[in-house]
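Labels for the chains are A, B and C, by order of writing; each one numbers its residues from 1.
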Amino acid sequence: MDLLGYGAFFLTTALIFSLVTLGLNLQWGLTGLFNVGLAGFVAIGAYTSALLTTPDDAARLGGFGLPILVGWFGAMLVGGIAAAITGIATLRLRSDYLAITTFGVAVVVQLVALNAQKLTGGPFGIGFIPRPFGSLAETPLLFNLSNLAVVSAVTLIAYLALEHLSRSPWGRVLKALREDERAAISLGKSARFYRVQAFAVGGAIMALAGALQAHFTGFIAPDNYLPILTFQVWVMLIVGGSGSNLGAVVGSILVWAIWAGSGALTSVLFAPEQQARAASLQIVAIGVMLCVILLVRPNGLFGDKPLRARFGKRAKAAAGEST
Amino acid sequence: MNLQFVVDGLLTGSMIGLGAIGVTLTYSILRFSNFAHGDFMAWGTYATLAVVGATGAMFGKIAPIAPLSFGWPLIVALIIGMAITGLLALLLDFVLFARLRAKGQAIIVVMASFGASMALRSLLEFIFTSRPTYFSRAIQIAMPVGFGIRITPDQIALLLLTAVLVLGVHLLMTRTQTGRSMQALSQNAALARIVGIDVASVVRVTWIIGGALACVAGVMIGILIQIRPFMGFDMLLPMFAAAILGGIGSVPGAVLGGLIIGLAEAGAVQLIGAEWRAAVSFIILMAVLFVRPVGLFGVRER
Amino acid sequence: MSETVLDVRDLEAGYEPGVPIVRGASITVSKGEIVVVLGPNGAGKSSLIKAIAGLVPITGGTVRLDGKDITAAPAHTMVRLGLAFVPQTENIFPLMSVEDNLKVACGILERRETPARIEEMYAAFPDLARQRRTVAGNLSGGQRQMLAVARALIVHPKVLVLDEPSAGLSPKFVAMVFDMLAGIRKSGVTILLVEQNAKAALAIGDRAYVLVEGKDRHEGVASELWNDPVVAELYLGQRRQASEKGSAA
C-alpha cells in the first residue's frame, strides 16, 4: 500500500516534469528556440498561482484567496507574457542571444523570489497554498491518487493539444523556420511572430507546470527553481528525443526515475555528512550523460529526425549559386 | 553618493572584463556562447589554490610580499593555474565541443556547454565541497586616497595586473600574426583557411587565452572575495552582458563592457542594496538588445 | 610547349557522397599561361576550382601542382604548396585594414621578407597604397578585387586561381580587373580563372576549357573559341543569340 502511494507520488512529480518538458519541446524541439532559463518560467507560474490562491497574508501582497483554476490560468497568462517579452527582445537576433537572455530571466526571477519579500515571501517562500482535494490529506493514498489523476489529466490535455498543434499548419511553419535560422531571421516580422507565439505558449505551459507543482506540495521557495531544474528538464528532453512529445513525456519519467533512484541510492550508500558531496557527483553523472547523448545519439529515444547538418547544406547551396 | 563605488566597480569590472574577453573570443571565433566559461574561472581558482597548498607543503610558509596579502607562491601558482585552465579548456574542446562543431550544429554546442558547466561545477563541489575558502584570511588595511575613497594594496596590484593583461591581449590581437589570424577567423572562416591560416591552431590559442584569463579573473575573486564552486557560474550573466555590450568579438569592447557593468553594479549596491546586484547585468543586457544589439564596438550582427 | 604547372586529371568532387558536382574534369595549366574555364550556369565551374583549392571534398581523380600530388590537401596548406585562391565573393576580411588584410596572408613568408613584400604589392597596386589604413569593408568593389588579388599574389604562388573575378562589378571595374590580370600574367604568374563574362576572359586568356555538367567538353585557344561553333553549341549559343537579338532590335 505504501509502495502504491509512493508510486503515485513519484508519477505525479514525473508528470509535472513532463509538462515542463512538453513546453520545452514546443520551444526547442519544434521551433528551435533555446531556453536555458526555463526554471524562471516555472517559478513565475508557481509564484503567480500561489499569490492568487493563498489566503490573505499581512506580511506580503495578497494572497487573494481565488479558486485554484484561476491561479492556474493566471500562471499561464503571466508565464506566457514573460516568455513573449523575452522572445520579442531576442528573436530577431542569433539564437545565442535568446539563450543568454533566458539564462538572465532565470537569474532575475530567482533574485526576485529571494529578495522581494513583499511579493514572494523571500527565502522562506510561500506556504498554505491550497491543494486540490486537500480534504483528502487525512488518507494519503487517496490524496496522492487524486493528485495523480489531476496532473495526468492536465498533462494528457497538454500532450494532445501539442500533438495537434505540431501537425497543424502552424506547427509546420515552425518546423520550417527551425530548419533555417537565417531564413527565419530574414523573413522578418511574420516569421518572428510565429516564433514568439511558440515561445510564449511554451512559457505558459512551463508556468502551468510550476503552478501544478506548487498546489501539489502546498509550499514553494526560491530553492525549487535553481539552474539544476533547467538542467534536469533539458536532460529529460534530450534523452526522450527533442521534437517528439511522446519522447518528452517518456524521457521525463525515465530521467526522473534515474534521478530519484540514484538519489535514494546515495542516501543508502553514503554517510549523512557525505551526502551533499555524493549529490554533486550525481549531477556530474547526469551532466556527462547529457554530453554523451549529444555526441552519440543526438535524437534521443524518440527524436523525430536527425537535426540537420546545417553547414553542409548551406555550403552546398552557396556552391550551387555560383557554379 | 560615496565615491568608493568607483574602486569597487573597477575591481568588479576587471573580473567581469577579463572573463568577458574569453566569452567574446569564443563567441566570435568558435561561434557559440560558452556556458562553461564561468566554470573555467572556478576551476582555475581551485587549481591555483591547490598549487599554493602544494608549494606550502613543500617549502613551508613563505612570507607575503609586503604590503600585499600574498607572496611568490601565489604568483607562481597563478601562472601554473592559468596553464592548467587553458589545458582544461583545450581538453573540453577536444572531447566535446570540437566533435559537435564538426557536426555543424552551433546551438547543440551551446547546450553541451551548459551540460559541461553543470558537470564541472558539481565536480568541484565533490572535490572541494561547497564551503567557501580563501587564499588568505589576513585582513588588509585600506588606505585612504582622497575623495572618500579607500583602497588596499591587493586591489591596486590586481587593477594593475588587469591593465597589463588587457593591454597585452590587445597588442596580441592587433600586432601579431596570431592575433590577425584570430581576427581573420572571426570575420570569415572560409577565407581564413584560403589564406593559409590553420584553423585548428587558432582555435587552440583562443581556448588557451580564454582559459588563462578566466583563471586570473577567478583568482582575483578569490583574493578579494572568496572561493566557491559557484563563483564562476555567478559571473556568467555579467560576462555575457559585458561581451554583448562591448560588441561581440571586440576585446576592448569586452573590457569596457565589463567596467561599465562593474561600475553600475557597484553603484546599484550603494543605492539599492547588494541583494539586487545580479539584476544590473540583466537590465543592461536587455537595454543593449533592444537599443543596439551590436553593442558599443560591434559592427554587424553575426 | 612549356612545362605544366597545374595538372588536373579526371577530377570528381561534390559535397555529399554519391552526388558529384564535378564529374571527371581534366585540365592543365602551363607556366605563364592564363587558362579560362567557361561553361553554362550549374556546370560545376566554381566547384571545380574550389575542389582544386581544397574547399570541396574530392572523391576521385588527382590534382598535381609542379608534379607534386596535392589532391585533397587541406585548404589552409594550399598557399604553402604554391596555389593561391581568390573566391568570388567575401574574399577580403571586411573589418581589417587593407594593410592587415595583406599582412594576415603573409603567414608562410619569412618574417623579415614581409614588409618588403607588402611594399611590392603597394607598388603594383597604387590604389591600395593610398588606402592602406582604410578598413577593407569600405573599399569599392573594384578595389576589393584588387586587394583580394594582391593578398593572393603576396605569397609568390605558382598558380593564381580566381573564381569569377568580374562578378558583380560595374563595367568600368570589369575592364580594370581584366587589365590587372593581363598585367599580372606579364609579370610571370600563371593564372587559372573561371568566368561568366566569356568575351572579356577570352580576350586576355591563352587557352580555354568549356565545362558542361561537371566535365570538360571542349578545349581550345582562347582567341579562337569565341568563334568556335562547338562552343557556341555547348554554351555560348544561347547567350550570343540573345545578345544578337538584343542588338538587332
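Criterion: contacts are C-beta pairs under 8 Å (C-beta built on N, C-alpha and C of every residue); 3 or more make two chains touch, one makes a residue touch a chain.
Only a predicted model underlies this, so the values are computations on that prediction, with no experimental measurement involved.
> With centres defined as the mean of C-alpha atoms, identify the chain lying farthest from chain A.
Max centre-to-centre separation from chain A belongs to C.
> Which chain has the mean of its C-alpha atoms lying nearest to the mean of all protein C-alpha atoms shown?
That would be chain B.
> Mind checking the centre-to-centre distance between chain B and chain C? Centres are C-alpha means, answer in whole Å.
Between these chains, centre-to-centre, one finds 44 Å.
> Chain A to chain B: how many Å between their CA centres?
Comparing mean C-alpha positions, chain B is 30 Å from chain A.
> Approximately how many whole Å separate the CA-defined centres of chain A and chain C?
The answer is 53 Å.
> Enumerate the residues of chain B that touch no fewer than two other chains.
Not one residue in chain B touches at least two other chains.
> Can you pull out the residues of chain A that are in contact with at least two other chains?
312
> If you look only at chain A, which of its residues touch chain B in the complex?
32, 34, 36, 89-90, 92-97, 99-101, 103-105, 107-108, 111, 114-115, 227-228, 231, 234-235, 238, 276-277, 280-284, 286-288, 290-291, 294-295, 298, 307, 309-312
> In the complex formed with chain C, which residues of chain B make contact?
177, 180-181, 183-184, 187-188, 190-199, 299
> Please output the residues of chain C touching chain B within their complex, sorted ascending.
53-55, 74-80, 85, 87, 90-96, 100, 103-108, 137, 151, 155
> Touching chain A in the complex: which residues of chain B?
Contact set of chain B toward chain A: 27, 32-33, 35, 96, 99-100, 103-108, 110-112, 114-120, 122-123, 125-126, 129-130, 233, 236-237, 240-241, 244, 275-276, 278-279, 281-282, 285-286, 289-290, 293, 301-302.
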